[in-house]
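Labels for the chains are A, B, C, D, E, F, G and H, by order of writing; each one numbers its residues from 1.
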Amino acid sequence: MSVVFDRPSALTDTLMHYCPGCTHGIVHRLVAEAIDELGILGRAIGIAPVGCSVFAYNYFNCDMIEAAHGRAPAVATGVKRARPDCIVFTYQGDGDLAAIGTAETVHSATRGENITIIFINNCIYGMTGGQMAPTTLPGQVTTTSPYGRSPKIQGNPIRMCEMLATLDGVAYAERVSIDTPANVRRAKKAILKAFRNQIEEKGFSIVEVLSTCPTNWGLSPVEALTWLRDNMIPYYPLGVYKDIDKKEGDMK
Amino acid sequence: MSVVFDRPSALTDTLMHYCPGCTHGIVHRLVAEAIDELGILGRAIGIAPVGCSVFAYNYFNCDMIEAAHGRAPAVATGVKRARPDCIVFTYQGDGDLAAIGTAETVHSATRGENITIIFINNCIYGMTGGQMAPTTLPGQVTTTSPYGRSPKIQGNPIRMCEMLATLDGVAYAERVSIDTPANVRRAKKAILKAFRNQIEEKGFSIVEVLSTCPTNWGLSPVEALTWLRDNMIPYYPLGVYKDIDKKEGDMK
Amino acid sequence: MNKVTIDTERCKGCGLCANACPKGIITLNGKTLNSQGYHPAEVTEQEKCIACAMCALMCPHVVIRVERDV
Amino acid sequence: MNKVTIDTERCKGCGLCANACPKGIITLNGKTLNSQGYHPAEVTEQEKCIACAMCALMCPHVVIRVERDV
Amino acid sequence: MTYNILIAGFGGQGILFAGKALAKMGMNEGLYVTWLPSYGPEMRGGAANCSVVLSDTEIGSPLVPEPDILISMNIPSFDKFTPKIKPGGTLFADCSMIDKKCTRTDINAYYIPASALASDNDLQGLANVVMLGYFLKVTGIFDYDKFLLDITSGIPASRANLIEGNKKALAIGYAYEG
Amino acid sequence: MTYNILIAGFGGQGILFAGKALAKMGMNEGLYVTWLPSYGPEMRGGAANCSVVLSDTEIGSPLVPEPDILISMNIPSFDKFTPKIKPGGTLFADCSMIDKKCTRTDINAYYIPASALASDNDLQGLANVVMLGYFLKVTGIFDYDKFLLDITSGIPASRANLIEGNKKALAIGYAYEG
Amino acid sequence: MPKVLMKGNEAIAEAAINAGCLHYFGYPITPQTEISEYLAKRLPKVGGVLIQAESEIAAINMVLGASAAGVRAMTSSSSPGISLKSEGISYLVGCDLPAVIVNVQRGGPGLGGIQPSQADYYQATKAYGHGDMRLIVLAPSTVQEMATLTGEAFDLADIYRTPVIILADGAIGQMMEPVDFSERKPREIPPKDWACTGHGGTRKRNIINSLMLDPEALEKSVRERFERYKKIEETEVKYERFMTDDADIICVAFGIASRICKSAVTAAREKGIKAGLLRPITLWPFPKAAIAEAANTAKAFLSVELSMGQMVDDVKLACECRRPVEFFGRTGGVLPSPAEVTAKIEAIAAQL
Amino acid sequence: MPKVLMKGNEAIAEAAINAGCLHYFGYPITPQTEISEYLAKRLPKVGGVLIQAESEIAAINMVLGASAAGVRAMTSSSSPGISLKSEGISYLVGCDLPAVIVNVQRGGPGLGGIQPSQADYYQATKAYGHGDMRLIVLAPSTVQEMATLTGEAFDLADIYRTPVIILADGAIGQMMEPVDFSERKPREIPPKDWACTGHGGTRKRNIINSLMLDPEALEKSVRERFERYKKIEETEVKYERFMTDDADIICVAFGIASRICKSAVTAAREKGIKAGLLRPITLWPFPKAAIAEAANTAKAFLSVELSMGQMVDDVKLACECRRPVEFFGRTGGVLPSPAEVTAKIEAIAAQL
């Protein structure tokens, strides 16, 4: 018998606390697989955010640091500047990365910090129970947009990859999804590349992963995947927004 | 005799504290002229930043609020939401708007706050004596990049108009310069439009003005204008980056 | 025969595996409750499994192991 | 005759007006020091002035007034 | 008179609602009442509990670490909290969820298969109300009719079936002979 | 022995440098010294001043609000600070910048057209050093040669003309007969 | 008005609306998110606006803007989120702007936990920001007080042109109790002629500013503000006494801790110990005089806090160290049981 | 090593390099920007790195990252900028991470002014963040001490795994005095086996974290940290006495105020008043025992501060209110003259 699929060794044995069907777990696994495949577990340092993935430090088998809400890229900068040989990554939600952490995200990007950022966009604040996120879609009901997000009042969602792609320091920005096995495979490729870029000292790499929050969306796990496909992907098109290895025309 | 040019009434009589040849003064005047021409002095509320223009509250003849460093767009948001009939503008430097205030800038923009932002990009922290700004050019010597800004170490300059143009809430983003009388006239037009947009409730408008800091650049006022033209404009191309009144093709 | 092993004690019964399985051979066992309080997933007809690992790819809690008969 | 008035007490002697004047009729008066400690600008040949207001457009301290003879 | 009540089970079993119903009734009866939920991210699908205090004098701490009355709706809470019941106190356990009995002899224990009764009667999600019915009968703290009125009064007329469901569930619990 | 010295003028007149030169010399002579500049954005092209304290005992406050010695290089500082000189104290004023005299009789006043001397001798920007030369002669606080060595020692050989300029300026000031 | 059963957080939200606050700016954080969730539902229906800011910093600065524009504005958060507001709070003080800031405290330091805590007492009462400053700090101990003191907070803020802190904790924020909103007694508020509303050409322009480069001017403004503080200290102290008249041992406790102490005091009395409770309702101004007076008859004080001991300093200062001041506390989110406190009271009694 | 004439800010920068700190993260603000300007020149030459962060918040979190990665790291700012670091400081504490944080204080509140101040004393000593926490706070009064205490700060930070604050002010930051860098005496530093450096497969993974959802666990970690604080209080108190032995009136003052007091005390002695000065060098741990002991002989204390009176509380607590504790202060950036202080001493003497 050959093992086609097994738990990556960069994941600890700890059972993840995520809700049933929450795709945070899938992305954790992809990150762990990338670490395994690149053989960098011993020199990887992960930064956990504040958000549902706050306990990421319990799940990744490398050295881990828990950052303050939104500040993971700043913490990562400190780590990377102190230990340039380590492979430093952050794992952050949309509230963390695109709201409170906007400045840290934009500036680590424009500085071209040689780090890897895994950005989980689930259109909601999961951890705190379903408030509006910067990425919440127009019309989406959340506990702080109970009548549906109105761009006139609550503003427009923010597309981080598109925005960050305008910055010179960004080596690579891609948006992926995990709604189907095929997309999971593509997400894996993107995450691998984002880590490989760092090993090759190419600069700032970010992979935005469209992810589900069945609990706060009030949907079953399977319905949540469909909702993601039907609502998020049209608003947040998948694709490569920047890749210094490629020419403009080659992208997406 | 007809008066071709005189001090706008939206400026107070106070002598401005700016260094000789500092173009902050020109932009102040343009803002004041716009206020005069639109007849909005009585309902204008200005937000002063922390930076060389910290004393802006002494110069504009309308109600004024002094914000904390970088937070002018948040203060403006509070004012505008409290007094939707008032015309609210901020006047901010590059350190203020593009470094410490990044999150406030990006989010007031993506929310589409119906405010007007005048952004003075002089590639330096003027007020504190010439440190590197987020917009400091590669190779530029400042007191905190004494060997010239190296993108590898200090990161790349940030182009705010290009970045903000990716956001849905932005109605208008234009970059202008004040290095020549012709450009001053263009800058004036842009500032007028940015205020008119607000009156017409079109949303977030920002005018980025390339400006000089002879003192910290170590140049004479006239040399400074030349330096701006030769070094800043190539890196920060002038033009309209977003205008919801226009189609893509019509811009610049 | 290919083999899919689900660690049912750690399964949270989300059904993403079942949804992904092209052979439709995974179901949530409505009868059993594991100690976490969930109805775990179960492979009903192992013999039909093609070891495509779609189930494992989608499992958020990484509790599926897939082996191919070689 | 067109008339350009410079409030010399408030002038900071930066020379941007002089630099902008197409007629080259503004100079910084190296002799006088105003109470701020600057050498203020001065129109040397008023009669040549075309009231184009370039000087005023560039004056950061807004101390220039331009009038056209009509 | 002070009742320190702890209600515990899985999230989704209506634990917090049951507590609120008791507190609201207490308030309407002119008692001092407090209701304090456990809160936190760890409760996602996991444990949920709430402390309810009903008293005719001002209430100090709203937290009930050692209840006079424990209502337990699942095994983990049964294991965790039965040892904390005050001597002389009372246990209510949903014996369709909990397959064991309390071994303490210094408390009164009442068992009702609330979840089974609910699902058998097509009252999914109302095991908590079944339990409340039983609780009312055993303790007699509140008048049955008033309580019924109280828990159904908040439900809008448009959702009449919900009113019916609650009524039925309460009745089943109240009628249950342990 | 303690000298509380205040040096004041416009920014750009080398006020802070002059103060540092005195402090550094004092340090080399084994004295306690402090140098405290005025600082702030208001000084852009505007006022500049610094407090220098030289003492053979530990120095308390480094701020010199009431100087023993005032070196004034422009009118605003002259107006502001001459009234603050301690009785019996000394004033040095650049009379090419300041077109008035101090009316106080309880102090010693010395006038030197330092700026004029500097520009007349092609020593633009070295009025401060001219002033220091004069200050040295009048006060005799430091040895002339040592002081000369000290202020020029920091200048790299590559900028020999600067060394020369300083030397010349100091000499002119020292030679000036008031 | 009939009583309603409400969470403490919700009571704050509703009370803010009652007090005429139609502008709320906040950022979610446990255990106080219900405040914004409640307001998100209610404000649009009463012509108000809630902005979920991009961060706590943005939120406090939006409050500054709205307050400068003359409207009542509020923000709320919990410990780490309030730390982020430090600079903004100091600016509000420096600008003499009214504002209501709610801190529903949780365990710290750092990310800490989310259970009830009182360990931000030092911050709130001494230094929620740089520079010489004070804030009025109100400490509700019931859901009813969450409502009443919120109304009072808006009045105090406007009367004294100062930010007011409501220092609550996770337990009072999350618990439900009956509330009666008719209890509020609004006070007279001076006109906000200093506000930036657009001068309309009819008055001198208004400037809201905290920058004063001239030290003498800055000192003057600080001293003027401290004169106002003096007035607050003289007139706005609030506290509650519970069986203190003949008490040998007086517990001093606020918020949720004071409720636990009430139970403990009652239990101690049953054991024959003359215990009492003095509950500061205003943490600043601290009820110094009341404690000094109590020190005339009491033999010892016991400061009971959900922290490692912070208010205990103020108790000592208030009684000028004339009596022993003991401390009992639990921290990190642990709520002490009344029995623990009673035991401590007994231990003190044994030593008297 | 010969003495060099240096600004206080520069002395801190050079001393940091001497102490092996090669990682600095900061954001410009007057009156301390020379620290980064100096380091920007020097660090690249010694293999170090300076990042001018996008904000003070980013800077403190970069420090957290670098410190977590096991290197010595520093940040510096002035009052408003340090307020912004509150959350980050609390996280450093919660994570038990060493760090050196310099506050060259300026007048507040709000934007305030840029002249010397000591009005952040409360913040620094009581609550630079939420939750139960303490920081070692060092108060240099000379440029030499700016250097010496910076070296000491790094050692203390590493030994006790705590952030250390250097609480300076604009005057000491901006003034020049001679410094001798050879005065530093490095202490023994425990290995940083807790640091995140990549485990290389050779050790258990390290986790740096301040989150503890279980209140009991969080409480335990806080109590453990307070045990360390106790040790610091027992062993690391530093202060200086100046003519206190026979003094009737003892000034208590730190930093720049202490220098003014020295002049004032000397002047008072010349007038026949037995004055003295007790200068806390560690503001936390506060020299309680020294003050308590001084209270045995002194008749009164006078706390002299560049603020409206903050340390004065600690003096009262330290002497347990056994002696009158008077206060004299100027704020907003005004430096009091020695004469003003002498006058106050005389006034107190007249009442003894």
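Basically, contacts are C-beta pairs under 8 Å (C-beta built on N, C-alpha and C of every residue); 3 or more make two chains touch, one makes a residue touch a chain.
Nothing here was measured: the structure is a model prediction, and the numbers come from that model.
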Quiz item: How many steps does it take, at the fewest, to get from subunit B to subunit G if each step moves to a chain that touches the one before?
Solution: 1
Self-check item: Chain pair, most C-beta pairs within the contact cut-off
Solution: G-H
Self-check item: Gap in Å, rounded to a whole number, between the CA centres of subunit H and subunit B
Solution: 38
Exercise. Would you mind pulling out the distance in Å between where the CA atoms of subunit D average out and where those of subunit E do?
Key: 86
Quiz item: Can you give the whole-Å distance between the Cα centres of subunit E and subunit H?
Solution: 55
Quiz item: Of all the residues in subunit A, which ones touch at least 2 other chains?
Solution: 19-20, 54, 66, 68, 99-100, 102-103, 106-107, 111, 134, 154
Exercise. Quick one: which residues in subunit G touch 2 or more of the other chains?
Key: 30, 49, 51, 54-55, 57, 80, 87, 91, 95, 110-111, 114-115, 209-211, 213
Quiz prompt | Residue numbers of subunit C (touch at least two other chains) | solution = 12
Quiz prompt | Parts of subunit B lying in touch with subunit H, wherever the complex brings them together | solution = 50, 54, 66, 68-70, 95, 99-100, 102, 125, 128-129, 131-132, 134, 143-147, 153-154
Practice problem: Spell out the part of subunit G that touches subunit E in their complex, as residue ranges. | Solution: 3, 5, 30-31, 114-115, 170-171, 174-178, 256, 259-264, 266, 335, 337-338
Quiz prompt | subunit B partner contacts - residues on subunit H that touch it in the complex | solution = 27-30, 33, 36-37, 40-41, 44, 49-52, 54-56, 80, 110-111
Practice problem: Name, in rising order, each residue of subunit A that touches subunit B in their complex. | Solution: 99-103, 106-107, 110-113, 134, 151-152, 154-159, 162-163, 165-169
Quiz prompt | subunit F - residues contacting subunit H, complex | solution = 20, 23-24, 27, 33-37, 39-41, 58-63, 65-66
